[in-house]
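Here chain A shows up in two complexes: once beside chain B, once beside chain C.
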Partner chain A sequence: MKKRVSLLLLGTVTASLLAACGSSETTNTSGGTSNTTEPVGEAKQKVVAWAWDRAFNGGALDIAKELYAKDHPGFELEIVDMAKVDLEQKLNTNLASGVKGGLPDILLVNDPNIQKYVASYPGTFAEFTNKVDFSKFSPFKVDALTVDNKVYGVPFDIGVTGMFYRSDYIEQAGFKAADLENITWDRFIEIGKVVKEKTGKYMITMNPNDESLTSILLQSAGSWYITPDNKGNFVDNPAMTETLRVYKAIADAGIAKPVTGWSEYVGSFNSGDVATVVSGVWQVTGIMEAKDQSGKWKVAPIPKLNIDGAVNASNEGGSSWFVLEGSANKEAAMDFLATTIGGSSEFYERFLKEKGGVGSYIPAFSSEAYSQTSDFFGGQAIYTDFTKWSKEVPGISLGMYTQEAKDSLKNELPNILNGADLAKSLANIQKLFEQQVQ
Partner chain B sequence: MNSKLTRSNLMGWQFVLLPSIIIVLFSFYPMIQSLFLSFQSGRGNVYHYSGMDNYVRLFGDPMFRQAVWNTLLYLVVQVPLMLFLGLIIAYFLNIPKLKFKGFYRTAIFLPCVTSLVSYAVLFKSIFAVDGVLNGMLLSIGLIHEPVVWLMDPVWARVVIVVAITWRWTGYNMIFYLSAMQNIDSSVYEAASIDGASKMRQFFSITVPMLRPIILFTAIISTNGTLQLFDEVVNLTNGGPGNSTMTISQYIYNLSFVYTPNFGYAATVSYAIVVMVAVLAFLQLKVGGEKK
Partner chain C sequence: MKKFGTGAIHFFLITVSIVSLFPFAWMLIGMTNSSAEVIKGKFSFGAEFSNNVAKLLEMTNLGTAFWNSTLIAVVGTIATLILSSMAGFGFEIYRTRGKDRLFGVLMLSMMMPFAAIMIPLFRMFSKMGLLDTPAAAILPSITTAFMIFFFMQNTKSFPRELLQAGRVDGLNEWSLFARVYMPTMKPTYAAAAIITFMNYWNNFLWPLIALQSQDKKTLPLVVSSLSSSYSPDYGVIMVAIVVTTLPTLLIFFLLQKQFVQGMLGSVK
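== the complex of A and B ==
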């Protein structure tokens, strides 16, 4: 049995090796001939892109391809769809092993991974510094893409945050929409207690295994788990201390419904268990899943931390497009991205209309697509609001070790919630983090 | 005579040659390579030799210590529990008078054919805050507030142990059952005539006769538990805190979640190799045939 399995393995491995050789050869030759015979961009060559979420991210590429094909009739694009985790794993193993054959030309990268990839695989990703006018993008997004003053990619979607809320619950509790505009987190907790008392509904969800809330809080104060030079940012960081104080206060107030995973999280607001959802703009589609709640939702800016420099805006998630330096179709791929996702208002209007995706391309914000009102959100022009807030999001460097820092924090979080001395806990986290990155 | 022997020897060698090459190429070669890798450090594809640095780091690494502690906890609690349960179930299913034997055997073995990920997801929904179990306990009045199973360090571990036990007990049960059917029934008859109770028969005849099988299942279960990954990642993703993270998950994190340091990840994998070897050796010493 075992033998048969290994034979089978050998068979598949040889087959895939052969297949890989074959494909890399063909791309090489086609790239080579077209480069010599025709000018770049108009060549008939096939650009390969890896992305997760075929409908959303892949759909965005489809739009971009349509726009690009108008001026570049020979342009061909193949989108390889795979799960995000698979993509990251495949990329890491490919790059670490030095095998270039199976890699694509274009790649979707989650923003927290940018610095990590650029530093771990130097010379692997193409530089876009002078190919795209980055002044037209929200600064925080460009900051995330910048390593040593070089910009490594084209900014794509953003996760500017808002506080989605059920206006009916808030009204039942005796508050008006204006009571939720530009408040602090302490005020949020006070309101939450009243909501819990009057309506029996939780104010928010909380998942100690997921760092999204702490991340939102930190960025709203222009801070992050690590410093721009990749040191732990836990001790002597007022933003961190305040973030964890607020986090514990929310937990202690009994206004947070505990959830353990994504489906429970989405389920909690789709079934009407919570009054607010603090999340990125992409959550609009998730909230609109519950068709029966149409007209009951609204969006306000997120509450802010009670320290200097904190604002009522933050970001959660988002990704960017990379091009591989060693790819045979590098120039074509870069030109394609730079002229569409990197500089076309039309692309972002269609991306919003067709896919509900929000980018950071400022010229598109004044377009008609972004000023549309939504009946689901009680006639609010939500995208106008989101884009307004996106310009206020503090720019931060996500650094290389975000995940390590988050895990160090996660390790100590149960103690913090149980009332351990915060300063001591933060010192522990800092120490653990330093152990982790050496 | 002599030449015939060599020819058949040659035939034999030809048969083992291909598998041997494959095993060397796909099993031993990577093992040796990763040993070399474990003496290197760096990130991504930027590596340098660091001598014993990774091993020094390993012993001072609190995350690694936590992962080892968690894994050993599963091992110490779950493996004996599962093997004992498997043994008991096998014993009952082996009673000749039992009706619907086929049905019970299939039902108990069935969890083994489910995919690791899908059963973990299933358990996750059972133990969710508004999951089936909380609903049941609330409705019969055993608890008044839903229990947050997967968020409490103790309960999360209990859930994982329950899940693995559910998945693997039937698998071990099958080994015991087939071994029990090989025990001559005359042994039991003789014991009954001598007045030995059923309990006594179980512990003095069945268990000793099954010793090699129990040893075998103990070693493969230990091995499996030390490499535990799918269940934990899908049920709790290591949380709350890192209180359910296993060594395998830590290796995965080091390679694919954190800034990739394959060198240190290889060092941690070698820690598992050493642990498996030591534990298997101990089990052989304790449970093996005494010569």
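== the complex of A and C ==
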């Protein structure tokens, strides 16, 4: 009986495998035919875009569409919004199954995924190298989009970081705004101890399940979890050693409020429990959520690491727009993106004014929209500052295995915080990472 | 001793009730508060309800999503009940060679994780040209080994004398199934309906993959999309979740009595 069942199972598996092989041929041929049909250019075919966050990213496309439609009447765009993880799941299923049908023309991609996508699915994404003047964008953003000297996609929003702080808490502790400008992390910890003592407030939040702080620190020193050739970058990396030393020092100083999730993190500063938030520029919206704290916030550059080459600027997050090479509306989609998000100062001005989004398009930085002052931030022209810092952000290659490297680090982080030997821990992380990506 | 026993049981049950009801309370209260208030953990009703509803309607095409979910769940449930009950009936009532083996293979399919068959399934539906249609969301789970097993188990207690009597009265097998078996097994159908409806209604992964355009999305996809924004509006999300929960809640309360009976077996 058992034998027969296993035979039967084997039969089914073989049959399904054969079926899969057969269908791959047919899909290839159908893909071939769709490739030979001429791209319709500016015809009235609908361009479809996948993005997460309908209000923010979808809203940006709405602005771009409005601008584009002025010269291209009849241009139609459908935005399909879904959660970021859902989008990635859908894309992977679609690409892995080799089915071209149902894929969009335009796609939003989180920057750390760029290299992975381009390397895993070669020939799938359209190249923008000569379609957009990339010298007009912040270099670090273009670096993230570059694979083998080819640029895939149009740079979109960035997460240039700043240290948001509660000026009232800082003053109460006896410091002035100037005391927070361009400091080191060691100085930050000293100030934090005084703030904790005098106001009872924590200096910063710390989430052991989230790598955003270590990522910010690493990039501020021009380093990353992995090297450009996708090797682990934990051992013999002064930036990594210093990052983890600072991380542990912040934890040891007792100035960090532990949080476990995103809403708790946002809640900690919305309810006034912490004096500073080190985060990307997009956090402005989250901070302004607490309307009762208007006028109490300010932004300073982030503290820097105490090593050569480290600066007071970094980046957290950001995404870019891709076009699928095989899409029927490829030319229309590429032209649409290149002329709006890839080259319109007006787009970035409206994107900031209407959505609070910051891009890396340098010509827009001198516009009126970017120099406006904010009453919430005590009359500070925050976007002028952020864009100034964005030009200093060190460019890095995010590589293919950022997530795996982060996971390896996360695994060892509790030991580091408990005082394990750092060199040994780093060797452990390196080993774990190599096991994972092999 | 006995008194102490009931006291302890009550205490235990009350604690468990509070724990299981808390998310519902949190959801209902969150629905009336602004996002910032939800984040701060405000646990009292607020005044933002109409505001949240207005924002939700503006941000999403809730009506369409609700209709899509309803269509898929209702058609899917009816079809699943008919097919699975026929299969369960057949497996139990009729004697054929190799029936047990066939059933064994069927049971094995329960062990197959969905992720393993997702990509082949996707290719299949793409070839059939059914992607992005409600049929794509309905068909893959139209018969499940679990449902067939469930009906088969319940059929074990179905009195065969009724079938004999029907045959004597000249009913053919189809009428026996439709006019004798189905009415007798009502509680089983009710229990199966709740389980199947919930599965269709809450199904996420497959509809996500198979449905592609904005106006084909189901409610869970809309909720997921809302919660992934950079600054999620928790008040609005709570409204969306309540809207998503209500139908399953309603169905459960409507069929509760039959559900309990069905779980115990239709025929006593």
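Throughout what follows, the second predicted complex is superposed on the first by the 396 of 438 C-alpha atoms of A that agree within 3 Å, B and C clash if a C-alpha of one lies under 4 Å from a C-alpha of the other, contacts with A are read in each partner's own complex, and residues count from 1 in each chain.
As a working rule, a residue touches a chain if its C-beta (ideal position, glycine included) is under 8 Å from a C-beta of that chain, and two chains touch if they have at least 3 such contacts.
Keep in mind it's a predicted model, so treat the numbers as computed, not measured.
Of the two partner chains placed by superposition, only chain B is touched by A:Pro258; chain C is not. Residue contacts after overlaying the shared chain place A:Gly98 against chain B and chain C alike. When the two structures are aligned on the shared chain, A:Ala119 is found in touch with chain B, with no touch to chain C. In the superposition on chain A, contact of A:Val358 is made with neither chain B nor chain C. Looking at the shared chain after the overlay, A:Pro208 reaches chain B, while chain C stays out of its contact range. By the touch criterion defined above, A:Asp407 reaches chain B but does not reach chain C. In the superposition on chain A, A:Gln89 makes contact with both chain B and chain C. Chain A uses residues 9, 85, 89, 96, 98, 267 to touch chain B in one structure and chain C in the other.
Looking at the complex, you find that chain B touches chain A at residues 18-19, 22-23, 26, 43-46, 57, 60-63, 66, 124, 128-130, 148, 150-151, 153, 236-243, 253, 255-260, 262. Residue ranges of chain C in contact with chain A, taken from their complex: 35-36, 38-41, 59-60, 101, 104-105, 108, 118-120, 122-124, 126-127, 131-132, 205, 208-209, 212-214, 221, 224-225, 227-231, 234. Across the interface of their complex, chain B is touched by residues 3, 6-7, 9-10, 13, 85, 88-89, 92, 95-96, 98, 116-117, 119-122, 208-209, 257-261, 264, 267, 400-401, 403-404, 407, 410-414, 432, 435-438 of chain A. Of all residues in chain A, only 1, 4-5, 8-9, 16, 19-20, 23, 26-27, 48, 52-56, 78-86, 89-90, 93-94, 96-99, 101-102, 263, 266-267, 270-271, 282, 285-286, 289-291 touch chain C in the complex they form.
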